[in-house]
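A single structure is presented below for examination.
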Amino acid sequence: MIDAGSVARTLAAIREKRPLVHNITNLVVTNTTANALLALGASPAMVNSTDEVEEFVAISGALVVNVGTVSATQAAAMRLAVRAAQAAGVPWILDPVAVGVLRYRTELARDLLRAHPATIRGNASEILGLEGSQDGAGRGVDATATAQAARPAAERLARATGAVVAVTGAVDYISDGKRTIAVHNGHALMTRVTGMGCTATALIGACLAVQPDRLAATVHGLAFMGVAGEIAAERARGPGSLQLELYDALYRLDEATLAERLRLTE
Amino acid sequence: MIDAGSVARTLAAIREKRPLVHNITNLVVTNTTANALLALGASPAMVNSTDEVEEFVAISGALVVNVGTVSATQAAAMRLAVRAAQAAGVPWILDPVAVGVLRYRTELARDLLRAHPATIRGNASEILGLEGSQDGAGRGVDATATAQAARPAAERLARATGAVVAVTGAVDYISDGKRTIAVHNGHALMTRVTGMGCTATALIGACLAVQPDRLAATVHGLAFMGVAGEIAAERARGPGSLQLELYDALYRLDEATLAERLRLTE
Amino acid sequence: MIDAGSVARTLAAIREKRPLVHNITNLVVTNTTANALLALGASPAMVNSTDEVEEFVAISGALVVNVGTVSATQAAAMRLAVRAAQAAGVPWILDPVAVGVLRYRTELARDLLRAHPATIRGNASEILGLEGSQDGAGRGVDATATAQAARPAAERLARATGAVVAVTGAVDYISDGKRTIAVHNGHALMTRVTGMGCTATALIGACLAVQPDRLAATVHGLAFMGVAGEIAAERARGPGSLQLELYDALYRLDEATLAERLRLTE
């Protein structure tokens, strides 16, 4: 059963176990996703070097791979890390930022899929671009399609890869290829803060480290993001205050708030 | 006519068109300039790799090149990107951080000028260093000369390169080599937040994407920064709160506020 | 005499001289440590390239070396920079993030010690890992041992290297191998914001640039961090607001506040 109660149990597990979450991520969100993970209760680490990623992923609870500012050097580290994660049974999540727009990262992301991510999270353009039925759908980091329009591609991608696929937007859809669950939380002002999608991906990473049911873990991470994000937006006067209120809301998140606010449908 | 009305029209154009602004920038401001661009209404993307910059700049509305933490790898991406921008007719802006202090980046910045930036924005030391009449004027990222003292160098640099040159400080001077316009907004507390000059450069990038008159676009970007910055400083208790208030102020900026606060002279 | 009065004199010297602090640091804290240094009154610069670090360190007041996201390229810059600092008599500080956990950076950090850092600051796991008596004590960037437990290792490391060694935690211990001083300020909420240890290291860097007594400079930097951090935590509703309140508190720090709050023991 995936509901507010199961979300709250995952939150309690993160705060108790403080899982080490290894991030190979983009330069825009290195600080902000570390802070979001810490605020939630996880223990983030950003380790990027080909000299270190294999050693580090083996002691981590989960790995987050985000191609937002990928270079050849970082791509090499990603390839080593995902193979090491697969070998060690460490769940990993792929954030295919701007995949479908830029050839280099599109090929990279498709290649990384061979190491079987537990979850893939992107906006509509990115999921369409990664799935490949509609190449060139996006124009960078912003979704130009709606999440609902990309839901069939997400479901196909889940079946083709064996990963749970989340396509996020005004409503988030999370599918394992058989079931699709929708999270209806969040707020439009979140689109005016950079890296909110990347932050959602990082939070799912923390959930994957403590929750073996990957569909549940992915929904739980997006539930944290959606509920904390809408609380932050209500308190904010603009995107600057939203960003800091988000960390405070993640830090203060509790079972009662989740029960009151979470809106899931299947 | 460059006045509060033309500034407001550029703001409306940015919010309507959401231009894609490609940034090859320094590690200090990757997150903060993305957030400033988003708060204003533009669509930022940070793409750094030699494998991707040419493809990306061709679909962008403007390119921002900032040498603040340049490496040999990033310099190679900058060279590719500015040539691709020139070939595609995409306007680009150069931020010559600490040029005049460090030989490597001084040579790089002078070399990049061959690809004809639309605008160059720096503090007094940087404009003096790039123009070259007074090598070694600065001591890093801080201006040790006043903007007014660098105004003649800015005007010479504009004539020599064909670029609009902005030298920013307590008063900002913007010259195309014939006309020089001064922006008298801003606040001294902004000097205690890192990357405020880089943020101004990024906002000018957004303006260049929607406003073909490069002198106007450069003044408009500095008008956004100066007006939003002084609103933020009035609300702030220190540099930490200033930074977040700046995003909120950019997000809330409107025609009435610009008309009330903007102080331009020619 | 190291007391609130000497801390206040170092603060006044930083604000008067605005020392240039050269940082070769990790991607998580590039922005936040620059902002903390600016808020305190120093002049930060982040220069990473092998083409530039030797030239830049020679004109700097101090160098901060932080291995948090080290790569082979950045390691090469660190090796050049610390040798140049040693040659020019510029004091430098080492932050051995996650040393003891990852072999590559542990070897690097031990090698960098040959260039005689003025100060080494780490958490308990890192100091134990660098000192080497208890390899593998940590699990990443978080301390799993207490600062008090690492105090003997800090004192041994100080005697072995000639550096002042600070091991930070709920209480900070600073030793030159003969004397050990404890700073009892700070707040538990600071552990939920990324890079607070790195920020302490950067602030010590600013102190080393103006205060030739390295034991005093190290205590002073941790006094700024501890006092400003506890003020920020008292004002904050969570880790997001703590981060911005920290900059505001560093900016507003004064002699009266230091005299009232500082708790040092020897």
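Observations, loosely collected:
All chains are identified by letter, namely A, B and C, in their written order; residue positions are counted from 1 within each chain.
Here, a residue touches a chain if its C-beta (ideal position, glycine included) is under 8 Å from a C-beta of that chain, and two chains touch if they have at least 3 such contacts.
The shown structure was predicted, so the numbers you read here are calculated from the model rather than taken from an experiment.
Chain A maps onto chain B through a rotation of 120°, based on Cα atoms and reported in steps of 5.
Homomeric contact chain B/chain C is classed as different-residue, with under half of its interface positions used by both copies.
Computed centre separation for the pair chain B/chain C is 32 angstrom, with centres defined by C-alpha atoms.
Within chain C, contacts with two or more other chains are made by residues 27, 30-31, 73, 243-244. Interface residues of chain B, counted against chain C in their complex, comprise 26-32, 68-73, 98, 101-105, 139-142, 191-195, 236-241, 243-244. Contacts from chain B toward chain A in the complex involve residues 18, 20, 27, 30-31, 34-35, 38-39, 43-52, 55-56, 59, 73, 243-252.
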